[in-house]
Structures are given as C-alpha cells and as structure tokens.
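Look for chain A in each of the two complexes below; its partner is chain B in the first and chain C in the second.
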Partner chain A sequence: MGAYLQPDTLDEALGILAREPVTIAAGCTDLFAATESQSLNGTVLDVTRIEGLRRIAKDATGWRIGAASTWSDVIAADLPPAFDMLKQAAREVGSVQIQNAGTVAGNICNASPAADGVPPLLSLDAHVEIGAKGGPREVPLAEFLTAPRATVLMPGEMVTAIRIPDVSDKGESRFSKLGARKYLVISIVMVAARLHVQDGFVRDIALSVGACGPVATRLAALEEALRGTPLAGLPDRLQPDLIASALTPITDMRASDEYRREAAVHLLRRVLDDLTLMRSPV
Partner chain B sequence: MPDTLQTPAGHVRLGSNSGQPMTRRDGIAKVTGTATYAADNRPDRLAHAVFASAGIARGRVVSLNVEAAKSHPEVIEVITPDNRPALHLDPDGKSHPFSWRIEALQDNTVRYAGQPIALVVAETLEAATEGARLLAPEYDTDPARIGFENGEAYDPPAVGIGGNPSFSKGDFDTGFSNSEHRIGASVDTPAQYHNAMEPHAIVAEWSGDHLTIDTPNQAIHLARGAFAGYFGIPPENVTLRSPFIGGGFGSKAILVGPQILAIMAARMVDRPVKLVLRRDQMFGPVQHRGATRQKLRIGTDGNGLIKALEHEATASTSSFDDFIEGAGNASLNMYASPAIVARHSAVRVDTGTPGPMRAPGEASGSAALEIAIDKAAEAVGMDPLEFRLRNYAETDPASGKPFSAKSLRECYELAAQKFGWSDRPLAPGQMRDENGMLVGWGMGSALFPAPMFAAQARATLRRDGTALVETSGADMGQGAWTALAQIAADGVGLPVDRIEFMSGTTDQPDAGVAGGSGHTASAGGALFEAGSNAVQKLADLATADPESPLFGAGNTGVEAREGRLFRADDESRSESYADILERAGLERIDAMGSGGRDPANTEARAMFSHGAVFAEVKIDPDLFQIRVSRLIGAFAAGRIINPHLAKSQLTGGMIWGIGFALHEEGIHDLRSGRPLNADLAGYHVPVNADAPHVEALLVDEDDPYVNALGIKGVGEIGITGSVGAIANAVWHATGKRISSYPIHIDALLS
Partner chain C sequence: MTLSISLSVNGESLNVPLEDTRTTLLDLLREHIGLTGTKKGCDRGQCGACTVLLDGKRINACLTLAASVDGTDVTTIEGLAQGDTLHPVQAAFIEHDGFQCGYCTTGQIMSAVGLLSEGDAGADPERIREGMSGNICRCAAYPGITAAVLDAERRQSESEGTSV
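This part shows the complex of A and B:
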C-alpha cells in the first residue's frame, strides 16, 4: 500500500489530486468490499478530515451536502419536507452501520444502477459540485452519471458537494424501494417523487425511477404531462406508456424486466397516492 | 408421561432436570466471547493458510505463478499438485458411507468453481491471501454443465446416505386411472448453500505423529478416524476439539478437502496452521443441498380418500460423487394410500458435491408433497386440513407397521385452533387485510424420522457428592451442552449444578453423530445409562453393607435422587452417595453406558416425529411482495428434554422454511458455472423483519418404543411442512400454484 493522505483543507486535497493518481476514500463501505487485493494499491486520499466537507447547510442559492456527509448525517439533518424522500432512502442504504459510515457523495461516485440515493437526488434536481486544482465545475447529477459504475469525473477531480437549488426544495416527497426481503437488500425497483402543489394544482413535480436501467432516470415526459394539472385524481393520470418509454430494465436474478416495468408504475402510483392524500383537505 | 423409567437399573428418576426449560448453560460464555470456536485458537508459531479457488467449473489448471506467490513477503510455502505430499488414503476413494470424495490437490483437474487448486501458507492471513491471488491460475476450460437440462442423467444406486432409490407398493396405475379426481404437480427446488454463521475453520498442529485439530465437527470420533486415515496414523493419535460449533446443519458432519489441506500444510511447514473459509468459499467445497425437480401424481375417490400417490424426483449431484436428495421418499410415511410409488433419478452437473443439509430429502420432498396434497384437496373441494385428516395414516403407509407413537392429530388440532384455521374460506383470493393486502392461509404436515446412532458415555460418581459425566457431544447451537447435561444429571440422580459435564472433544467416549435429529436420543441415552449404571454399582455397595441404612434393600428397592439413595419402601431410610463411597474407602465409582434402542422395537415399529404447520401470508396485490405474517406449528416428538431449547430448534427450522420458500437460492452462471451470489448480500436468508410471528407449540407424547427415554428429535422437522404451508398460503391468497422455489415475486405476475 502506498501513502495514506488525510489533508485538512480542500486546497491541499486538490493539490494532491493534481499531483498524482489517487484512490479517494470516504466511508469505504464500497471501497473495502470492492478491493480484492491484500491492500489498496497506490496512494489513498482520505477526504473525511477536510474542513467543512462534512456539513449539510443552506446558503443563498440552495442546499449543500458536503462530500463527507454520511447517510446518518442526512437522517439527522433539519431539512424541509422536499428532502423526506432522501431521508427515507438514507434509512434503506445497507444497514445502520453502513449508513453511519457511507457517504452520499460516495453513493453517487460508485454509480451503481441500484444506488438508493440517486432517485431522490434526481428528484431534487441535484447538481454535483466538482473540485479541481484548475477550479470547480458543477454538473447536473443526471449528466454526472453516464453508465453503470461510470461518471464524468476526470483524473484530478473530486466531488466536493451535492447541491440542491433553492427552487427545488419545495413541496413534499416520498421514496419507495422494493426488495426481496425486508432489510439489507438490493433494490429491485425504487422510485422517488416530489410534488409541489399550489392552489390545488401541480405547480411542480419530479419523478425518478432507479434500478430500471443503466442509470436512474427522471420521467421528464410524464412530469411535463402532469405539471399544471389539478391535484385531485393525480395518481390516476399516471400514463404507464410514458413511464415504460423512459425505462430500460434488464432481467437479472432479482426480477424480470417485465416485472420491473410494472412494479415501477405501481410504486409511482402509490407514492403519488400518499402525497395527494397528504395535501387533500380533510 | 412417566417420570420414573424402567431401565435395567430400574431405580432412577427422570424429570427433576429433564423436562425443565433451563436456559443455555453456555449462554454467558457465548455472549461474553469466552466460548472459543475453532478459529479463536492461536497456538504459538501459528501460520495462516488460504486456498486459491478455481475460477472455472470444469477443465484443468495449466499454470500457476508459484514463483510470484512464493516471493511475496511472509509467504512460507505454496502447495500445489506438483509438490503436495502423498496422502495415505485416496481423496477420490470412499472409505465409509460418511466419506465424500474431496479435493486435496490430487491433480490439476477442476471439477467445480471454487474448488481448492493450491494452498498458500504465510506468516499472516493477509500475506497468504495475497499469495493466493498472485498465483493467477490459467486454465484449459471445458464447457460447464449447469442445470438439469445440461447435466448427465443417470440412475442413482442410492439416495441420501444408503437410502432406497425406489419404492413401490400396490398398483399405482390402476389406482390412479380409477380415481375420480386426479392431480399432478411439478415442483423445482434450487441448490441451497450451507452458510452457518461460523464458516468451516481448522487449526492443525503436529507433534511427531500426533495431530491436534480444532475444527467444528458434528461427529468427533468418526472424524478422528477419517483424519487419521488420510495421514496414516492410528486414530488415537488424533485429538480433535470441537467444544462450540457455530451452526453445522450437516455440513460439519462430513470431512471436507480444505481441512485435509490445512493438516497437510501444518506437517509440511512444521508449524500450527490455521485455515478459515471465506464466505464465498462456502459455495463449493463444503457441500450443499442439491437442486431437485419433482413430479407428483395423486388420485382420490369421490370422498377424498387417496387411492394412488406417486412421487418422482430428479436431483442434481456433482460430476464425481453422489449425494441424491431423497425427496421422493417424503411421500412414503405421511399419508395413507393403497398404492404408493417413489422414484429417483439424478443429474451430474459441474458443482461441488451436495451433502446433507438440515432435513436432507425430507425438506425438499415435503415442499413438493404438501403442494400436491393441497391440490388434491382442492380437486375434491375439501378443506386442506379435513383432507389431511381424511387420509391420516394410522399405520406407516410404506411398511404397514404401527407407529411407535404418533400424535399428529393432536398437532393438527392444537395448531389449527391457535391459528384460527376454522375461519378459512375454502376458495382462494377471498381475504384482504386492512391495508388491502391479499391474505392467504395454507398448511403443511411435518414429518421426520427418529434414528439413533451408536453412542457411549461415562459417568463417575465422586466422593465430594458431585459427578463427572462425559461424552463427545456436539453443541452446534442446538443446546447439547444443556440438554445432554440435564439427562446426565437425571442419570446420576443429581441436580445439574452438581455434575461436571465434559463434552466436545475426542477425550470423551464416542457420542456418535450429531445429525439426523438423533443426538439427544443417542448421546442422551448413553449418558443416562452410564449414570444409572454407576448408581447401580453404588446401590450394590450400599445394600450389601450391613452398616448402611439401605442394607438388604436389594437393587430394585432403591431410588436415586438429589445425591442420595432411598429405600423405595421406606423413605426414611436413605444414605448419601458421599457416605457410601467414604465407608467403602472409594474416591469414585464409574460406569459406561451406551443407550440405544431395543432391536425388536426397531423391527416392529415405524418411528417418526410429527407436526403440523399453518402459515399466513400477505401479498401486495400489485407488486406481489410476499410476507409471511404468521407461522404457527405444533410438533410431537416424544419426551421433550428442554422445552425452551426444543421450541428454539423448531422455530429455527420454521424460519429456515421461510428461507426455503421465499429466499434461498444458489445461482450458477450457465456459461462459466460460477456461483453468481456467493455472499450473504446476494444469497438471501430471512432477516428478523421477515419472520415477525413464528410460534412452535409442543404436544406431549409418550413414546414407549423409540428408546428407553422416549426421546425423538426436533432439529430438522421444523422445515418440513413449513415450506409447503407457505406455498399453499400463497395459492390461497392469489389462486396461483407454485411450481418452483424460492417463490419469486415475478412468478406471481401474469
């Protein structure tokens, strides 16, 4: 094993990144399991000591989830109802021990098609803040993830935060995950929905589906069709063809593609049922 | 149930210890970590071994980079077929019915993915792991044969261990064709892999030609002989210690290749060697439950009486050894029928050899039989419980012999009442819960034989009023440390806290196999007899001694309890064990016992534990997610030594039933033959939240024939019945019959 570096500042970390190829380590929940050799090869850059990186806070433009923030941090954070789906997902990431160690940023960098964190972040219009010696850049999460286990992250870059724009922290949200057993399970299908209602009409809606394609996806066409429609009867206006056309599920040992397609529709209807019920006058 | 037994000694009371719901005597040691499992042993100069696993399922290893592995820092030795020392026994031979053909680096062939192909010994586990990786094997690969369609079919000479591959009574064809209602059922069960909490582990140390091994084992003396055989030393030169086993379930009853490799390595490097299997290494060399493909046909008359029952099972085994799930034989002893046929065939595939896994044959067979019985009840239009009662076997359907004891009717009644079965609508798809979930109720009958194995024990009464009782029992979590000690205490007529119970090593007399649900009966019988024989010797001393208050009482006139002998006809005349020994000038008195079963009873009676399991499932009407919301079973298994532990065993079996029905499935890639889910993230067993309500009820049963103590077994029966009950509940909720396990949610789609 090479050097194990634990910089205190982001500048220092970016300097190291610019200097040499490194393996970035945070919660290590995937890194440990994915490493087959006796030790990690090359230099390891531990980002958990970087000042300010483990912080969830709001600023003038929106919310910022620092790259070293764990799932347990998300669960504990004081966040508006739009983030409820992210908190629900946080509770489904592995076990409590994994949630204590694993980071939100790690979940997206790992880029599993079944990453529990991705659908809710997509439905929050999350952007990924990327740091590099030459200066930062920001990429929408939907563009950050390119394929299973692949992202746009270049050598010399690291994720520094996930940003949720101000306009997207509105409304209520729900996450639902379907697995073969009750706990400690990889998703067969999951959905995350955020619904912003104004005067009985859908002002904004964000719907995402995970584990039904190489990367999780927003259902843009369906959202477009639902935006501006009355809240009453919303779940009945889900158009299965607009969902199906956005998904490319595969058959694997967990479920068939056909099952996933159908289950996605049902899960979406349910979370919308839930959200609609919540907003309806009693 | 009588609490005094007519044993040869005739004077020992049973019940002051046995029958009590004592908590585990080893519980504190286990929760505080002082109970040592095999891998906890760290002798001086310990070296670590890791085997390299084959990455192909069939072919030959053509190169290994031994140089790279050897030159890695701290690597001590690399063992391959080229430098492996000779063994005294052929690893491809079968020296006795419990020996499997093993991989001990005898040549360069690969017979399944995950097979050991080299062993690296190093100063540290990490160095050995890296050394194994550096071997970077290259192969000549032959196509893997995986699945029933791709394997090589043959007719097996036996099923299970020496079981009959076919059975026939009556005229099935006529019975079936004349039946008013005829049903067929096809049910597949998958390969299931042994995944006890404690993976197989061994620490081996040589001293000259004496071998000491710490390894979890369910049959210590049998294993001692087998280990000795491979290394050409007398059995008495092997000390085997297995005081605690972190789950065995059959996989630790039979010696496996990696253990031999570790012992071989210890001899080669002349140091103690530890080898612990990784989780992924459990999916190959340590046996598994073979897959089955079963077909049943049942014919009934207009009144719902079964006229013909046929159960055919094809089971998968390896390309090089035979262990066939005797699934079809599950139909031989359960339901009455004038015509019964069971037949087995087998298919060779490129996996490791299957072996016994908790209720081998019975679990897979019951899982299919109970579906077929349910379908037969449906065809007749009868309630499934009523149908089973209608076809209740008053004598053993296969042999016609009377049962030693059978309380299945009481089990049905008790469990059905507790479950609320009488409210069940006959037709499927009728019930919903408050959340709109489909609700279904199903049931299954449970059955498991009551075998006994040769076992021996020694009891020593000591002058201080305590006793030492010894047998090489195996506590694999089932509670042998507790239940056997309870029997032993009754045998010597002492409270359990006044006996020292020694077990779990070859230093004690042979307790036989902790398998077949027969350990408590076998080892317990030996312990009890040893105790009563020792008490008898003591009684002989006292009744012949004019100075004893018991003088002249005669053997049958004395009763032992709480460390005293009492005259049976005069309670006021008694004497303590200590006083008797003191006056005789003896420090101790000891005796052996072997328990066992009266051969005349074996010949005359059919002996089984019985049970009934009722399941409630809740199924999402859109997503088909299945949850077992209630599982209630009642079981009759003769004398229960410890109701607390027995219930724990039974509920454990029932939860395994949930795993069998809904989760467990070893999946091999069809092309490479490699297991695709060789870890506990991919190989699912139920979590606690999947088993919210599992309840085992005990039915009192006095079995005067099964053995002197009236003990049957509870270790395996819990799976049988449970699997089918869940499948039948799924049908009752959805109207869909199950044709393969585990029940996948997408199988309910359509």
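This part shows the complex of A and C:
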C-alpha cells in the first residue's frame, strides 16, 4: 500500500510533489469514479488540510478561491452578484452530499468537457494559480484546459487557487444547465452569462457555453457584437451563427450535436431574458 | 505499511488500522467497525444510500477515503436515537410512511438531518425536494419522504420557537 500524506502547509505539499509522483486528492468525488482498480497506486497527497487553502477572500487584485474550497463553501461565501452564476452552478453539481466534499479546483483539474464550474469561471475571466517548489505561475483558465481530461499542469505542480481579477467582478450573472432531469445529472448543455450594464447600454458581457466541445468556450465574436449596444432588446440580438461557429458539439448518449447547438441558443436567450428583465424599470 | 486513524463515531472514540489507502469510509463503518446501518447502494456517489454526517455535514461515505477522516466526528443512523426515543426525523419517516422496502431509508434520514441543520430549506416542499435530490428511492416513496421532512422541519422550528 502507498502512503497517505496530509500535509498542514503548502511548502510541505510542494516538497512532496517535487520528490515523488503522487495522486492529488481533495473532495475525492471524481477520484473514485475515475479509479477503476481496487487500490490507489503510489502515494496519495491529501491537500484538504493545508493551511489557508480553503479560504475565499478578496485581496488588492481580485478574488481568490483557495483550491480546497468546496462547492458548499462557494454557496455560503459573501460574493458580489457577478458570482451568482458560479453559486447557481454550485447548487447543481451533483447533490448536497457531493457539494459538501467536491472542490471547485478539483472540478477544473478533472477537466471534463461537462464540468459545471468551467463556464461560470470562464465568464469571470478566471485565472488558475499553480504552485510548485520552483515557484508559482498563473495561467488563464481558458489556457489551463487543453482537451477533455487534460490540463497544462505538470508533474510536481498543484493548483493552489482560482483567481478572479477585480475588473471582472462587475455586473449581474446567470447560469443555466440542461440535463435529462433537474438534479444529480451530467449536463447536456450549459451556459453562463455575466452582463455589466451602464446607462442602459451593455458595457461588458461575458458568455460561455459548456458541454458543446472538448472544452467549454467563451463566445468572443458574439460578445464583441453585443458590447456597446442598448440593453433593450438584447436577447433578440443573439446571432445564432456567431454561437454555432464557436461550438463543436459531439453526438453521444445524452444528445445529438444538432440538439446541443440549438439548445445552446435557447439557454443563452433564457439567461439574457432573465438578466434583461431584472434590469428593466418596473 | 499500515496506517492507523482515530475518529469519533456516534460519540465513541475509535482507533482503526487501515491496510489499504483506498478503503472508503463506508467500508470502514460496515466492515471494520460493524455498523451496517449505513447502506451500500451504487458505491459511486449516485444514490445517497451511504449518507452520513462528517463533522455535522452530510457526505457520501462511499466517496470518502477512510484515511482522510482522521480526527473527525462521524454520525451514522445508529447514533440518532436517544435510547428508545427516536430522533424526530426517524419518527416523522415512520409517521408519514416515508419508505417502502427501506433500503435507502437510513441514507434518506441522515440526509434529512443534514438538510434540517443547514437550515435554509424552510417549509418549501420544492426546496426540500431539491435538498433531498441526492437520495434516490427505487420504490419512489418520494411523497412520503417529502411529507416526513416537512413535518420534521415544522416540529424542529416549533420547538426552537418555544425554547426562545
């Protein structure tokens, strides 16, 4: 049997990572589903007891979600409305039992094309803070995820936090997930939208779609077309061709590629309807 | 190499040797400690039959490495009743017929206890259904389960109201 290590400090954890290959464990909600064999080979590095790693806080440059923070921690955290989409996603990750154990950082490291955390984090311009004995580095989430189940994380490295720059914590946001049923389900399509309105015009907009390609994606061309336009009638200006050209959905047991393409447009319209109505004068 | 962990189960302090780092909390409870009230349904986090409280929060014992619970406080179905007096959630499940075959029931009850202590479902049946969505019942006793949790919630808030 391999060792089970539960370091108290990040330095200690990075030292272990530099020394030997390990399986990093946090909430373990995906580790088990991914481990078919009856024994975990080699050393397990449990990062949940590292001091300071389970903190969600704001500093001078933005927000920092520590790598051991669970989905329930996100739901309970006092965060601006721009994070509402992340909280909505958190409440649809599995069940409360899963949300109490599973971590946001684990969700992105697992790198499922249907990871619920990724679209909201993309729409928050999230960066991934990576620790290693040689020193930390930070990469945009969009570059961190390279393919299904693949990230840029190198041996000897671990994710230490997810960072949201404070320029991106503006506006209101919505998340919507389509599944075969409401709860405890893998997404067919999901969208996350953040809308920053100033004087009746779209000052900034961030739109992301998940489960419609190898990794979730921002709709940069559509965002560009919508920036600076009036809030009134915004959902009607969603251009299906600009959505379709950004997506590469597959056909699988859950849905066909055509269905996913069409569903993405409807979900985007719904969340923008919701965000627009919320802002309309009563 | 043998690993040894210390934990409290239903208030009793235990020291358990582990031969495999992959042993789950569920197998630890059932096979090593002999508490079989926590059930193994799917063994992959989809059914909720293995729900227990870990430091007061509900989790799936089948997805939890036993090695990770060193120093924690675990509550299982066996720890709810006070002698012959059932926990209010247990009593409500009996009163409202919140089960048929009973296999998922211990997980349902532990999940409901966790839900009530989270304190944000209130008396809204839809929020209770959402909060209980991690517990599947193959007999589909859902109406009785929702009624039982609603009733337990009502009793809990009444008793909290009178004690203030």
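In this section, the second predicted complex is superposed on the first by the 282 of 282 C-alpha atoms of A that agree within 3 Å, B and C clash if a C-alpha of one lies under 4 Å from a C-alpha of the other, contacts with A are read in each partner's own complex, and residues count from 1 in each chain.
Assume a residue touches a chain if its C-beta (ideal position, glycine included) is under 8 Å from a C-beta of that chain, and two chains touch if they have at least 3 such contacts.
On a predicted model such as this, the values are computed, not experimentally measured, just so you know.
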{"item": "Touching partner for A:267 - first (chain B), second (chain C), both, neither", "value": "first"}
{"item": "Of chain C and chain B, partner touching more chain A residues", "value": "C"}
{"item": "Partner chain(s) touched by A:139 [first = chain B, second = chain C, both, neither]", "value": "neither"}
{"item": "Partner chain in contact with A:77 - chain B first, chain C second, else both or neither", "value": "neither"}
{"item": "Contacts of A:225 with chain B and chain C, given as first, second, both or neither", "value": "neither"}
{"item": "Partner chain(s) touched by A:184 [first = chain B, second = chain C, both, neither]", "value": "both"}
{"item": "Which superposed partner A:259 touches (first chain B, second chain C, both, neither)", "value": "first"}
{"item": "Overlapping contact positions on chain A, where the chain C interface meets the chain B interface", "value": "38-39, 182-184"}
{"item": "Residues on chain A engaged by chain B in the complex (per definition of touch)", "value": "36-39, 178, 180-186, 188, 253, 255-256, 258-259, 262-263, 266-267, 270"}
{"item": "Of all residues in chain C, those that touch chain A in their complex", "value": "1-3, 19-22, 24, 44-46, 48, 51, 54, 57-60, 62-65, 67-68, 70, 111, 114-115, 118, 130-131, 133-136"}
{"item": "Contact footprint of chain A on chain B as seen in their complex", "value": "126-127, 129-130, 133, 622-623, 625, 627, 662-663, 665, 667, 676-677, 681-682, 684, 686-690, 744-746, 749"}
{"item": "Chain C partner contacts - residues on chain A that touch it in the complex", "value": "1-4, 6, 25, 27-29, 32-33, 35, 38-40, 44, 46, 48, 72, 91, 94-98, 100-101, 182-184"}
